[in-house]
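Chain nomenclature is as follows: A, B, C, D, E and F, assigned in order of appearance, with residue numbering initiated at 1 for each chain independently.
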Amino acid sequence: MKLITTIIKPFKLDDVKDALKSAGVQGMTVSEVRGFGRQGGHSETYRGSEYAIDFVPKVRIEIVVDDTAVDSVVDTIRSSANTGKIGDGKIWVTDVARLIRIRTGEEGNNAI
Amino acid sequence: MKLITTIIKPFKLDDVKDALKSAGVQGMTVSEVRGFGRQGGHSETYRGSEYAIDFVPKVRIEIVVDDTAVDSVVDTIRSSANTGKIGDGKIWVTDVARLIRIRTGEEGNNAI
Amino acid sequence: MKLITTIIKPFKLDDVKDALKSAGVQGMTVSEVRGFGRQGGHSETYRGSEYAIDFVPKVRIEIVVDDTAVDSVVDTIRSSANTGKIGDGKIWVTDVARLIRIRTGEEGNNAI
Amino acid sequence: MQSEVQILGTQVNLLWVVLGAAMVIFMQAGFALVETGFCRAKHAAHVVSTNFAIFGLGFVGFFFIGFPLAFGGFSYSAFGLDQPIGDALLGSGNWIFLFKGGWALSGGGITPALLGFFLYMVAFMDTVATIPTGSMAERWKWSSFTIWGVFCGAIYYPLFAAWTWGGGWLAKTWDTMGLGAGYVDFAGSGVVHMVGGVAALAGAIVLGPRIGKFGADGKPRAIPGHHIPMAMLGTFILLFGWFGFNAASTFAATDVQFATVATNTAIAGAFGAVAGMLWITRRTGKPDPGMMANGMLAGLVAITAPCAFVAPWAAAVIGCIAAVLAIETVFIVERKLKLDDPVGAIAVHGMNGLFGVLAVGIFANGSYGAGWNGSASKGVEGIIKGDWGQLGAQALGAAVILLVIFPIALGFFKLQNKLTKGGIRSAEEDEIQGLDLPEMGVLAYPEFGSNRL
Amino acid sequence: MQSEVQILGTQVNLLWVVLGAAMVIFMQAGFALVETGFCRAKHAAHVVSTNFAIFGLGFVGFFFIGFPLAFGGFSYSAFGLDQPIGDALLGSGNWIFLFKGGWALSGGGITPALLGFFLYMVAFMDTVATIPTGSMAERWKWSSFTIWGVFCGAIYYPLFAAWTWGGGWLAKTWDTMGLGAGYVDFAGSGVVHMVGGVAALAGAIVLGPRIGKFGADGKPRAIPGHHIPMAMLGTFILLFGWFGFNAASTFAATDVQFATVATNTAIAGAFGAVAGMLWITRRTGKPDPGMMANGMLAGLVAITAPCAFVAPWAAAVIGCIAAVLAIETVFIVERKLKLDDPVGAIAVHGMNGLFGVLAVGIFANGSYGAGWNGSASKGVEGIIKGDWGQLGAQALGAAVILLVIFPIALGFFKLQNKLTKGGIRSAEEDEIQGLDLPEMGVLAYPEFGSNRL
Amino acid sequence: MQSEVQILGTQVNLLWVVLGAAMVIFMQAGFALVETGFCRAKHAAHVVSTNFAIFGLGFVGFFFIGFPLAFGGFSYSAFGLDQPIGDALLGSGNWIFLFKGGWALSGGGITPALLGFFLYMVAFMDTVATIPTGSMAERWKWSSFTIWGVFCGAIYYPLFAAWTWGGGWLAKTWDTMGLGAGYVDFAGSGVVHMVGGVAALAGAIVLGPRIGKFGADGKPRAIPGHHIPMAMLGTFILLFGWFGFNAASTFAATDVQFATVATNTAIAGAFGAVAGMLWITRRTGKPDPGMMANGMLAGLVAITAPCAFVAPWAAAVIGCIAAVLAIETVFIVERKLKLDDPVGAIAVHGMNGLFGVLAVGIFANGSYGAGWNGSASKGVEGIIKGDWGQLGAQALGAAVILLVIFPIALGFFKLQNKLTKGGIRSAEEDEIQGLDLPEMGVLAYPEFGSNRL
């Protein structure tokens, strides 16, 4: 099994979620993060003093999938999260040694 | 070393933490996440318009442990987080190549 | 490629970010977490009842880097996040099988 | 010559008006909180700031031009205003359309009493000005908004105010058309709320719905407000201020009808809140806090015109009808008209302003309003007393708002939209990101929710 | 016949009562914020909505039935109420238990003065009604709550109000039992706060503690409130409104004792806040903001009955004692009685309502209250003046609240709990998740904390 | 002997003062919200609690000592205070520096009228006391702060108050130095705001800037406030309360100048808000909500002294100048003086207090203030009327605040800093973590942002 982690633009969350759902993904875990990257931040003025906002809001999605599903899930994310503008985000894939469903204790692909 | 990541129901956090503590786990990192899965969301009505709440609040715990501790930690989580109802969550295990304690620079099992 | 995950004290975020930037890191993803560890929590009194605060606020940074950069990034984090006091946090390194830039579809080191 | 007692009476009357003005001005806080609470966190600094800035923007317009246009010809003896500060600017006799005099509160006649009257009136004007900030929230470009503020204070509000409270042509329809005691609007269901409500409608039409408000299928999607307690606090502040809004509109502590007015106001608000709760529970299964708040506000808006003229039981009935009307109007605005009004301003102020104006012509029981508008009326009477004339005057007033004032608002926003580079709507990327940083330069909550770090 | 000056005096008196009523109604916002701030975010829309809806629910009950039952026989000359609108319904002479007259504010005698009086009184009733929303917060089923609201306005509050302020039997104990000037409660430490406080106690007993409030060992666990600034704002609003609550209870601007009352009120609140700060710091090491706020509110509750009858130094003493009492009562309620009162309503309103009632009998200095309750009293006197009779009357009143009114509240909640399917407590899973979504259909803060996305 | 009408007049006057006092006390909520909103979430419980506790702390000091020192010799006939409760304590004749009498509001002469006067005055004192909580926020040790509260109520505020409003030497400069009508400060631009503002300045100097406020290069860094709607609500509450602050300073409803005062107050606030918006947009490109709020508050502070003496056009001019002054002073305080004032207290209250004091000497038009301070003045006149004497009196007053009162504040904080173990500044690690947990024992928002779980 693989863990696919992706960082996307927040307003794309609904699109990505819907696309993944259609692609058969049955579960995922989402969290709010802040990104630092090429997109850069910007500087604002508050009471006359400048302040830099280096981080921009992003959303992270984690999905554990069967090895065979990795490519299609990655493609689905790519196409649904893409705006073509800088800051669209990343997808990375890591190995998962074990996966357990807490409710049933099922392991491996059955637990996805 | 292994990284054990688990997604549980928020109100189970105290139980899981206490169980892990009793089981000898000395450190963990917790964050708020939102889950999408079999449990499903629900739809509500606001000012007469329906809206779907697809994500449910979950808590993620990350624990880096010595390889030998993996099984007992997984079991501890399973038993303390289990309610038997849908949405109890997942546990997954990934490999950790290196672990460093920032304060001392210790590495490996000593850094846990 | 490797994923470097580090848990640091929140007020060190700016220092670590600046140090990483100087060290040539071009992207990272940051999130708020709560840590449980040797630093311990503390107990407070609210309306006369005690309550334990077991978790302390921490910040997590995730950085995907080229294999060759791991050591220098780890060192940079260590030196910039270090206060010498308990609770400074951890750094752990895991393998990344694939990395994709959503905007362009680039893969691997080009996507960093 | 006035006796010592009479002088003391006018002093107390003036005090009542000034206290009332302070309470109405405090309502700005209520509007700010209701609107901000019912919008999203990413626009919160923008929404609250429009409600803040409007106070000064409208004020400046009213100070220089609006007040003279509307009230230059006004005279009211109760608190020592025994002569007008000006005269007709447009029209004459029973057919005056605009007044003049007292520009920038300078020139003769600027007595303490006149200043107290100005203060009360500027507070009412600002209520009108702030109503569209609700229906246009989350997508109104700041620079365009500021122009509305000045326009409303200088021109938009003064028009209908001049025709009615200022003593203009609609106040004289008892004479010119034999309709009741002329247009009667005790504290402004029409002059303030409906006039503001139609501007809210015009603005919502010109701006179009927020991104994401309507699905691809054209169905409205809920966009929940980010802070329910804030909106509830705002509602309470409005309720409190409304006692100044309605009861001090006697302009006199020596006219004890202020007590009737205050109590009728509370009755309509209370019954509106309860009716709103029951009705929305019936419609959607749960007591949506937003609709409960709208129900109370709807009752308050609707009682504003009739509050001095009706019996307590009628205030209760008016409150109940108003709440149902507000909720149903929200549905119609969204589902039929496909308009996006984040806080329900069109339903609450527009529809119930209209209902309040008509309610005078229905429920007035003849116990108050003798000599109103200079008429020979022995008391304003609605159709429950068998008199249809007053309802006629009221219907005429309402029609004028719909057919004259609404088009002016619509024309203003359309023209401004055309003349403004990029239009009066915020840039799409700013709206998506939230207007706070791009337009105001700060986040409302840099440390909460997704904005922290 | 009244002279012109007298007429103006009654007009001003009525204005004072109406202004006071508006200020007391504004206190609803204070209660809403204090309670919501001291509860958790996941219940915030529910808690704030109970405090909002109670205003209308209690109002409706009081409008139709409660006001006549309590005040049908009331007459007060200061602002033009020269004759009662009704008569005894139950009892007669010195032993009246309920009144009648003016149902739904209709029938004869519904003058502006009567309406102003109603407005002031309905505001007091709503204070009673809202007190239990604090002790019962985070676990009170919405539909069950709504029934309490109507019951409190229609029956619960009117009982003790009829017996005291309405002119019923407790007001006559000077005659029937030779006790002081009869039961004396200037602005309602007993009639309002203690009556509300014992309902809060009854409700907390019937509902039981929130899930997680007590550990397996039976020790109370802290459940910190989610919004301290909100609770503090609420406290300030209550302080502001209290000037209307107490000072306007002279029913007369022509009775300058209102100034003494206002100042004593402020003194007790200020000293209560300081004493609360010192005491909680002594007990737990830190100046818990919640306890500071409770300290001020305790002082305000305790001064409410004696405020017109005591010297400034006594107000200071009362404030200090009240704050200590409140804090210690919080400890007793949690640790000994094992009850869960999220906001301290039992300690603040119940215990200090009791203390305030008795404080009249202790600290009254005889300078005010001549002829109170129709007695021959030359001024209400407490034991500091060597008179134990007033304390007797006060103790009797307090005993009646404890032994008659409290059982009625307890019986009501117990009965309702039995008759309601699933009881009057929210479903366990709803309580764990937070009542906002399951009961209200919306989250208080869909974008903050764990609720965002 | 007073006629019946006159008696009623004094009763109404007293009512006005008591209502005004309630409104001013409510301003504490405004200060609390503005300051808390403009600070960070991790200190929010601390900041709001200082603003809460100061009310009681200052009150206690003023009750026992401060009021007698300042107002023991004061007598004012309008609402029945026909004789002073005390006498000179220090000095005599035209050169009185402190008074005595009425310690702890006991002894003879403690009439309702005196108590009402006390209430109004204690509210003003608390405004002074709370101003430094803004400039010293986020780093002021709680225990040290509490001592300031008592000191301000007991000694600090009473000094300048005694010299001016109390009837001391600065009120007599018309006689002793031939300067205008003596120092004239209608509602306290100087006595309250500037006196508070220089204490804010002193405190900011002694505490030093917050950790992270200035970069290594010495450049100020922005530390955005955590809750813009909260700060805006606070500003609205202040605006509302300011009508009590200024207009009730006539001490008389029978002096209809209260209406002029109220309207001038609104004008200055409105123009200040608009000017602030335009100026900050010009300077930084965006309408910073904090600066808009500061602009309105600056206008309100500046009009406070001259409000009764100037024409509406002058109020507008004063409001505009005040806003620009406030913004520029914020820049100077941060960039030149390298001081850290999180909420702009020095700029708003200090600088515009000064400007308001001088504005009397510039814009007063001679229509009001005849016989002020016991002088033979026919009306206070500024240089626009060709009279430079009043400006002299005003400049003298301002100089005294700068050269005598400011050093007292600075000395107090420096001494306290020396005498206190660890100084009056919070521990560094507490400041970094946020003062809420270590000093107050609770988090303001345990469930929002980074504090949840």
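Criterion: a contact is a pair of C-beta atoms (placed from the backbone, for glycine too) under 8 Å apart; a residue touches a chain by one contact, two chains touch by 3 or more.
The structure displayed is predicted, hence computed values, not measured ones.
Undergrad: How would the chain A/chain B interface be labelled, same or different, where same requires over half of its residue numbers to be shared?
TA: Looking at both copies, the contact residues mostly diverge.
Undergrad: Which of the two pairs, A-F or A-D, is linked by more C-beta contacts?
TA: Top pair by contacting C-beta pairs is A-F.
Undergrad: If you average the CA atoms of chain C and of chain D, how far apart do the two points sit, in angstrom?
TA: 53
Undergrad: Between chain D and chain E, tell me the centre distance in angstrom, where each centre is the average of that chain's C-alpha atoms.
TA: 34
Undergrad: Enumerate the residues of chain B that touch no fewer than two other chains.
TA: Each of 30-32, 34, 44-46, 55, 94-95 in chain B touches at least two other chains.
Undergrad: Mind pulling the chain D residues that touch 2 or more other chains?
TA: Only 5, 8, 12, 19, 23, 224, 227, 284-286, 288, 290, 441-442, 445, 448-450, 452-453 qualify.
Undergrad: Can you check the complex and tell me which residues of chain A touch chain C?
TA: Residues 2, 6-8, 31-38, 54-55, 58, 60, 70, 74, 77-78, 81-95 of chain A touch chain C in their complex.
Undergrad: What residues on chain D touch chain B, complex-wise?
TA: 219-224, 280, 283-286, 288, 290-291, 327, 330-331, 334, 344
Undergrad: Quick check: in the complex, which residue numbers of chain E touch chain B?
TA: It comes out as residues 432, 437, 441-442, 449-451, 453.
Undergrad: Per the contact definition, I'd like the list of chain D residues that touch chain F in the complex.
TA: 4-5, 8, 11-12, 14-15, 17-19, 21-23, 25-26, 28-29, 32-33, 36, 44-45, 48-49, 51-53, 55-57, 59-60, 63, 80, 104-106, 110, 112-113, 115-116, 118-119, 122, 142, 146, 227, 230, 439-449, 452
Undergrad: Using the touch definition from the top, list the residues of chain C that touch chain F in their complex.
TA: 10-11, 32, 34, 42, 44-46, 53, 55, 57
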